[in-house]
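In the two assemblies presented below, subunit A is common to both, partnered first by subunit B and then by subunit C.
Let's look at the complex of A and B:
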């Protein structure tokens, strides 16, 4: 399963509680659309660390890295190539 | 004299059938838990009053309904008139003849003496139904704060009322239905906007309200509401003097709430508020101090070490019960039977267990510290409101929002990178800092996310925005009050009156026939606090500053200085052990969720799967699950099986 499918399905299942793919576009802002609340960020970080074997540092918990499917995928790719 | 009890009644008009004692009995026996010892009835052509009693004193003389000298005025009453001794003396001097030792009788004579304004003379907590045969008038009155419940319903030529909605249902001429707007409000504010209830066509008498039913008309009058002084009118006697004055008020409020011919106990959580009350009982009264507390097997929720510190300090006779997750699951259905409404947290359940301990120990009355946070400025939401107001003055500031991390340490985000998230979570409404509910917007926005689980039918049936509905209920002068006072008003009227005092308070106490009494909610304490500069209530971010100053010589320093731990109980964790309890699986199954129609069955299924994977840790997930489960239980108890209550 591709990273994109994994991340999309995680967000759809765990925050939107749906399997309707049209409910989430890859550039939707998770903050602006209210998909994540403050504890949702923590859940997301735990998921990324468990699923992709990366360590999310404090200074990396920024919207640039985590606020959309596209930015998450780019962040995972950068981390994995380090 | 004190009576824990329930009341109910029927008022027919327009030539309707005569009221039978049987009809009243059907209503009042549903309130057995509020008063198991004795039932009393009064019927006249068009009116029927019923009372269920828990006898605490004057068993022979205190039987209700109570009447005046010539039996033209009858009353049934649930609650306490704490200044009944003084009132009785005044009324006797004015020539009134008493035939009992009860505090109830003070009501009929005060009404004779002062008319409708008699309620202004009462210091207490009460739900009163008074029938004046001279004017064929029924008065329903609820105490200023909303401590004791009172509901009513009008159907064609008949008016019904009762302490709890389950007592109205036997006389309902239609099948009960859920009020969708009220559900929407519960999933925003944690309670419906008064006077609505979650039952269609059933309303509550609002706190501080008197309802008159006469000549087939219903009129409502607010006799008391939270009022705040404006900025240049606060008490100006200075901190030391105010600390002294507050102390004296609290001592008197506590003292009169100990008036009883049976032993009175106290809750002792280890927090500042209950420590204040128990300390006053210890230092300033002769009352033998018996205290009760609840502990949790889950460390995150337990306050045991602070409770023990106070027990040792005051040398109280203390009893504690430990609440395990399984206890919450086992008592959840019973809890909803008593709350009669969906809830978003399991927090009421341990309160039911705690009142069970009180009853088991032979006590029927407890004093608690409820109300202090609302009256004297204790909640984090007030601190959050202050920080956000500060931030709103310079929305572009990098530094200002970081103050929120002091309140919420779990926001472990570094200085240089946290701003976007803080803005997303707490910046709601920052552009409009002057709206009266500015302080509550982040909480309401987070809670309202649970509404994503509503079914399509519910979503399309909702006609009005909840916040607009609440805004219409606010008094006109709220815009003249300082922001801190606005926040206090909204908290006191929505969360405290609508949820804390009922679902977590009266209902859980009365489920075990125990009466709670609340010195911080003495209206003299409230009026004093409301005329106090908010900068004394919360000094910068130091909560309940004035209270701490007034009590610092009476408490161990670690109790005064401890970080406020909000009372919470395990939510999802209570139902997600090795196996979800059968009743949970059944009531939240796809089939049942679809059948009841309130929620999206597929979304509920996914939430349950997330819970079973151990991933549901967030506020929204916890509130949503408890909200869904409790609504399903509510429907099962009151709609599907409403003719066969537990």
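Let's look at the complex of A and C:
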């Protein structure tokens, strides 16, 4: 599975409770759409760490890295290439 | 935006109305920062300009003294000036959590008879579909991106254009202190949210009491990450303006790192939180040490602060007094523990806030001996007028037979009081769930579950959760041939309930256990 599919499916299943791909666009803000809340973000971080073998530092928990599917994918690819 | 102020704005010498706080503070220091927000930094002069322009726009839209205006926005600059605009126009503000979904939004707008909705374009998927049934609304003013939409008999306008069209200058509100100032909708044991009615007088009294025991001044910089629809968040704004202090506003605590950064950059002095937020602070502190030396007051309410949090909180906030508090929307706040006593009495929530008193009565209404459990009753000018249009429910909370000719608030919570008069929370006398510091009515969640085709029975309970306090667990049984799975059920909940009300866990059972009289027996599920 590509990273995109993995991340999308996780968000769809765990926050939107659906497998309908049209429910989530890659550039929509997870915060503005009400998809992520303060406990949701911690679960997302644990998922990314487990799934992609990365360590998310506290200072990286910012909207630029985690607020949309696209920003998450970019963040993962930057982290993995470090 | 450049808004001219008229020269005849009435400048009160004393604070009688909520809006007077702003008029007085602006006169004292017009150029001082009132709020630092994602939309920018704003002075007291700017807040007054925006609020007066909005008040004028609302009056042009037909808002008269006592009319309700709903504010359905996230924590933002428009939410701040909207509140004061409504108040200066003589209106009653109804704060609605931006996470509220369409059905509940429609319910609150209808129940409160709101004439105008102030909102943000990013919430349009929730508010546009309900406008055709919103027969009492005459106007929707929104911030953010331009929306192309129309609705019969409702004027939908961008806030900028509403403000721009309003005549600059004077506002004439004839409100008096016993007029209604706000409705705060809160979950109740009956399921439908109900509007807690507070007057200018009750809110100003509570404000002064809070400011006194929290030892706040105009030099304070108050951080707020709590929603304005939650009275704990709302009062951070009201206290700021009342003091002539500065509010550092964040939309939420979803991304902790930027919040930490702003706390340091702005040298925040007051940090209000709930246990869920503090547990995230502690988790973060465990990985990388946190250190906020500028903070001198940390406050907790909504749920008990675990005693074992306190040493680490003192580590994170080395110069802060830590306040444990307890309250309910019906009187804003009941009690607080003097911060100097926290090590000696870490389990206590202290004594009544200044200017008020509390006492414990048995279920039969008799006084109880020190150390015995009793139901907490509250007396003072801070208690609500009642629930909006809910006389029966109001009478369950406000007792008229204890003191002659005055209402006493019965919290329905069990407490005990020690020899020093310090209060200890024991438990609730109803089945309301407290999760992330917010009250959730099991009936409200059950009603939503029942609304899903295929569900026969539903029962919702709270289970102990380390981070959330309680988490919501739902048990359902299905109609014959029903084939719902837990994901479908959660999706239904997520589209009809605020995030914190969506069950964490759904258990599908063939039948729910029933008691002899045929009611679902929740004790067997716990």
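In this text, the second predicted complex is superposed on the first by the 82 of 82 C-alpha atoms of A that agree within 3 Å, B and C clash if a C-alpha of one lies under 4 Å from a C-alpha of the other, contacts with A are read in each partner's own complex, and residues count from 1 in each chain.
Assume contacts are C-beta pairs under 8 Å (C-beta built on N, C-alpha and C of every residue); 3 or more make two chains touch, one makes a residue touch a chain.
Note that this is a predicted model, so its numbers are computed, not measured.
In the overlay built on the shared chain, the residue A:69 is in contact with neither subunit B nor subunit C. In the superposition on chain A, contact is made by A:58 with both subunit B and subunit C.
Judged by the touch definition given at the top, the superposed model places A:48 against neither subunit B nor subunit C.
Residue contacts after overlaying the shared chain place A:24 against neither subunit B nor subunit C. In the superposition on chain A, contact of A:38 is made with both subunit B and subunit C. By the touch criterion defined above, A:7 reaches neither subunit B nor subunit C. Within subunit A, the residues touched by subunit B in the first complex and by subunit C in the second are 13, 16-18, 31-32, 34, 36-42, 58-59, 61-63, 67. Residues 98-99, 122, 251-258, 260, 276-277, 280, 283-284, 287-288, 436, 467-468, 487-488, 490-491, 494, 499-500 of subunit C are the ones touching subunit A in the complex.
By the touch rule above, subunit B contacts subunit A in their complex via residues 408, 410-414, 416-417, 420-421, 424-425, 445-446, 449, 452-453, 600, 602-604, 606-607, 609-610, 615, 617-620. For subunit A in complex with subunit C, the residues that touch the partner chain are 13, 15-18, 31-32, 34, 36-42, 57-63, 66-67. By the touch criterion stated above, subunit A contacts subunit B in their complex at residues 13-14, 16-19, 31-32, 34, 36-43, 58-59, 61-63, 67.
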